[in-house]
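Below, subunit A partners subunit B and then partners subunit C, in two separate complexes.
Up next is the complex of A and B:
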């Protein structure tokens, strides 16, 4: 606003204002010209006042108050100087929050702008563009809280709840066999042929069995409903002949208790379908599976001493899917949820920029024989640069203050791993920490980080106006 | 903290059984007149002496609890003619009450759910010391420990009316029968039972590791039994550091259970994906995965309400067993009634608190269900089902060895914050319990920080 050259003479001077001359004005120079100027300033100030008051009360005052508060301790009574700032950079959880916020800022706006650009350019070429855009834009209509809850459930570890893991497990099970008795284990140090657990999860007897001997292997930890329906009462170890190791694999547990560990008691059932191996000098020389009564015969064995082994594949835990919300993947998982919400927005904004692009340039390029890729790289992207920058910078600011998605999606035990500055600020000040001094210090840090992006945005805004 | 030992036996008042209401009314009159009026004849005017006065009561209760508490208030207004109003504060009692006081609209009686809040109120000077009559009734009817927890700097402010019992291990009788085991008597036996359960194909315990607070309760029970109430008080007040050998020992004992893949459903990492309702579902839901789940008496509500099982038949509990030859622990908690200085009818409010100290008030809610009273004079037959009766019995019998939840007494930054402090450190411990000493050091570091700030 310029108030230097008043072109309009004063409309009507009702009375001489008693105000002193403005500073810097020569004494006695109260000309109508100056009076008009003052008047204009007054009117301007009057119009600006409500906005200034609001800004002052809602923005400037809180900022100043936070800065002041950050210099005091938790109770707000003792001045501690820069202690909160020192503490902030010493506290591992705040450092982790800074690290994660950095990851967010580096990755998210770039990916988001890229995705938005690609989708915008592609939707230009398809028939149902409006419907597609509408669909992509829809997540914007969902609150972050709701989106957070949706993704929290989507990422759930239990395949019966989390749809992502349901897919992962489904695909995995198509390619891999399910183990026969997941979670079961052999009873160690019991019975005549005690077994020991190896490092790889398999169970084996001592390597002193000669062909012709029999073994009985007791298994526990099989839920009653997981015992195959065709399982028959465990048979005593069958007769072994020449070159044969025989035995029984049985469920060494009588429902209701009782029974002696390591022995086949009445009421105990054989476990069919268990893989049994004969091992000699660390090499598997024979393999078979148990029958319905749990019996097995390893045949064709030369003289010598063998160990009978139940390989780990019998007992392997079923594939549980990916731990999306585990410490390692939680931040990428939340970023993906954020992208789901915002991609539509970026696409629509960039799409608007595309629509406003001069078509003649594109056509000229096509006439000159440029390929679509060349057009995209050398014409579309440079011409779209202003829009892309707006999207990018807005997202940088947005991402720095991300709170809801992180707070909702990250489960308690990994909240620290997923922590970002805005969440840490809240946790420290209100969410149990009750230290608003330290919280204000984190708030000030957040402000300092956002300011460059703000200045950049304002500069751009000004330039585009002039 | 110094505590008196040996509980005074409650003086039993004559009570007629035949007509429950009439009996309760008569006993109430007796107790009221005996304590407040010096035992004079009960005249009609005395009966309705609070007519025209309105007592406002604030508490965290909503829903069924609020409905049942209203019955207690109705019983009081029937006796005294006072009009009763209940205001629900929601979870954040101190904020709501604080703003009501500032707004000149203070309730007369408030139920505070935590020791810390009670202390905070007392320090702010919001509370009226309870009258001599309440003091006497509390002395007669309650184990001294309850009075201690209602006392701040030597002044008795809070009367614990409703209690909770956090030392109950819930189990599925069906799973126990299948495995052929019976409820254990001590901690080692519990692990043994757990291993047999695991042999039968069910995991022993379902542990709610995703929520941090059940882990703190686990630790508190083990510590209270193993190290004893005196050490427990010291640790709760942070008078001894968390690096104390007793803490390391308790963590080692707990780690024996947490670290055993066969005892914890899903192992440590599986437990960390289990939130509290889920942990109950894993034992009492449609597809049981474990045989036992440890948490307080409120599990019963979840079992019957959410999973449609019958408590007492499909779900039973045994008291948290003693560790290393100590006494079985009883970790408790409760809602304490306090009288606000600023309340318009604070004196009438005091009468109400006096009523709450009598077994008759407790009986009203006990009969309605969902309630435990620390009042020793309350006839256990007032409880409507066997399970509640047993819980109440164990709470009252524990007498002076009852201790309040330690994490509730700590600054929130240490004992009550998701993803930080004790919750987070015990979650890490659940994931890998191999180094109790390092865990104790981490706990001490977090505790030192939290206590310094508060």
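Up next is the complex of A and C:
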């Protein structure tokens, strides 16, 4: 805790009253003493002058000015009383900003403090703690602009370019097959076995095929580069035996032109990996996938009439990942970026608190047979409460004022959806809104929101002085 | 992990004193040893889980930054057709062309220079003005001292948003709006409460006898300030300077409002690049990386001061 020491100076210094005059001082020394006192005050004034001048002119006066200005209309000519404050809760975009700032304040400091606590406790158990702390702390040094650009790149929607969606798609494809031919379709109007498209996007023949017959299904709408490299020239299926429906799924398109729709012409290739189903009375009774030349055999079918179907999953659009910066997820996504920046801060601060904790208390608890969880809950957390409070309060203040990250990460069209008070204040006063009355009111609201923190700081300071 | 080993050994070899006094010598020695083997095993296992978990966290933290770095080294087409991670297996796509192009872009180099012109004077001014005031609050006697200092403590958390409009108006009237001195003045004013707070508290810890002795020797206050207080307070001054420098170097909001296009720092130049052209990664990525190299260098060079500064600043 040595690092927070400056906030807690010893009581001996600082607010000590002036020393009483030495007991034996002659009364005649009064005039030079007073002159000396005047001189001391003059020196103090000179030391303080630049600071007080700047603070007065650029901080204190603007606060008063803003409060006054917030009671006037957009152009500043007409007194409108509390209208701007009422307007704040009526104007949809400011209301949205208030709502989002509330989400930020409720979620972020709590998550950040919790995460920092967990990581600080766990970091004590590893050998590479220093390297880990360094890595986690690094984002603190860089600007929110840089962090924002980093996360714009990370949240990129296209799974080919955005790493997060690349991972999302990868995980998704482990659990669900990738569609074989997105956007392709079967030829409905030609060939010996016409197919029709169902409402669900699948293609099926008429339900009049009996085991032993063969079909050929022509597919179009597959770009040449999407045809698998191992695709072989398509061939008509050989005669199928008992209980077997055989056939070929081919790309019904001859490069360079020619060929007859619905027929397997020379130069046309089979489409491997296509899922084919045998359907009887609306129920799937057999399923297979096509070979390299596009051929398939549905075996083990009882006598009866069947339809051959290419299910919609063959043609579905592939899973494109999550729209991180879409309207629904943009605020959580930006909060995650904020956590990336600030978790190291919480972790290191709490870690310093942990290091200063009395080890003998922990050892005594261990000897009494307390489990690690019991120790954590009943000793570590209560003893850390002051540090946790500081981290939490710091983050509440920070989060209320968050501007850069939101402004940079939210794409233009979604900015309104991700709006927070600090961004709205900027938009209203400078970024085109040009309503300085409302802008001042939002500024004053932000100031009011940090007043509890102000009181917390002042009380903490006074306590440290007494 | 010496501390944990000590704890484990302590449990085994030193049972609570009363128990040791009561029990016979040999009877209790067997079971603790066996328990320690078991507990060592579980500890070893749980440490493995902790290691793996923290390794995953480290990977998550590293990946986005690596993404920026690799993207900044790839061409425009490469970035628009494939992910940056393909460079991990095909390093041939990496080149420093983006950086050479960036350094030939006069707008960007001017912005980089502006960033220096804003952050260095701000840092110097904040440190000097706050050191003077901090000394006065800690060691000079004048009426209302404690109340004025409480006001400064109160100002610690004032959001810059409250100041933006009025100061913009004031600077407009004074001809400072849009200029580098305007940006610097605003930063200095809003950096002062924390700076004064930090330095006053640090200076207040200087032993009274040291100052009394210096005063006895007939040193004037200025002499005491420069010869005694500043040297003794160097660690705090260093922390403050680093922290203040980074804060201003990384700022976007203040400069976005107070700097015009000739005075804008790198952060503002990059964001306007972003607003105008959408996703031109070949400028944004190297630009962002350029803007974060200086803070990272400062961070690594002055780690200890940086951490202390951040911690002391946690009230802000």
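We adopt the following convention: the second predicted complex is superposed on the first by the 271 of 466 C-alpha atoms of A that agree within 3 Å, B and C clash if a C-alpha of one lies under 4 Å from a C-alpha of the other, contacts with A are read in each partner's own complex, and residues count from 1 in each chain.
Throughout what follows, a contact is a pair of C-beta atoms (placed from the backbone, for glycine too) under 8 Å apart; a residue touches a chain by one contact, two chains touch by 3 or more.
Note that the coordinates shown come from a computational prediction; the quantities given were computed from them, not determined experimentally.
Residue contacts after overlaying the shared chain place A:132 against subunit C, while subunit B stays out of touching range.
In the superposed model, A:55 lies in contact with subunit C only, and not with subunit B.
Once chain A of one complex is fitted onto chain A of the other, the partner contacts of A:305 are absent, as it touches neither subunit B nor subunit C.
A simple residue count on subunit A separates subunit B from subunit C, and the partner touching more is C. Of the two partner chains placed around the shared chain by superposition, subunit B and subunit C are both touched by A:412.
After overlaying the two complexes on the shared chain, residue contacts for A:371 are found with neither subunit B nor subunit C.
Shared-chain residue A:210: touches no atom of subunit B or subunit C. Contacts of A:196 after superposition on the shared chain: neither subunit B nor subunit C is touched. In the superposed pair of complexes, A:141 makes contact with subunit C only, with no contact to subunit B. Comparing which residues of subunit A touch subunit B with which touch subunit C, the overlap comprises 412.
On the subunit C side of its complex with subunit A, the touching residues are 1, 3-4, 7, 10-11, 16, 47, 50-51, 53-54, 57-58, 61-65, 67-68, 71, 79-85, 129-130, 132-133, 135-138, 140-143, 145-146, 148, 150, 152-168, 170, 185-186, 188-190, 192-193, 196, 198, 200-202, 204-206, 208, 221, 225, 236, 246, 249-253, 256-257, 267, 270-271, 274-275, 279, 281, 284-285, 288-289, 291-292, 295-296, 298-299, 303, 306-308, 310-312, 314-316.
Subunit A makes touch with subunit B in their complex at residues 73-74, 93, 157-158, 184-185, 187, 220-224, 226, 252-258, 323, 410-416, 419, 427, 431-435.
Put simply, subunit A touches subunit C in their complex at residues 3-10, 12-15, 18, 40-41, 43-45, 47-48, 50-52, 54-55, 57-63, 65-66, 69, 119, 122-123, 125-127, 132, 134-146, 149-154, 160-163, 166, 340, 345, 348-349, 352, 359, 362-363, 366-367, 390-391, 393-394, 397, 400-401, 403-404, 407-408, 412, 422, 425-426, 429-430, 436, 439-440, 442-444, 446-447, 450, 453-454, 457-458, 460-462.
For subunit B in complex with subunit A, the touching residues are 177-181, 196, 198-202, 209-212, 262, 269, 272-273, 275, 411-413, 416-421, 423-424, 427, 431, 453-454.
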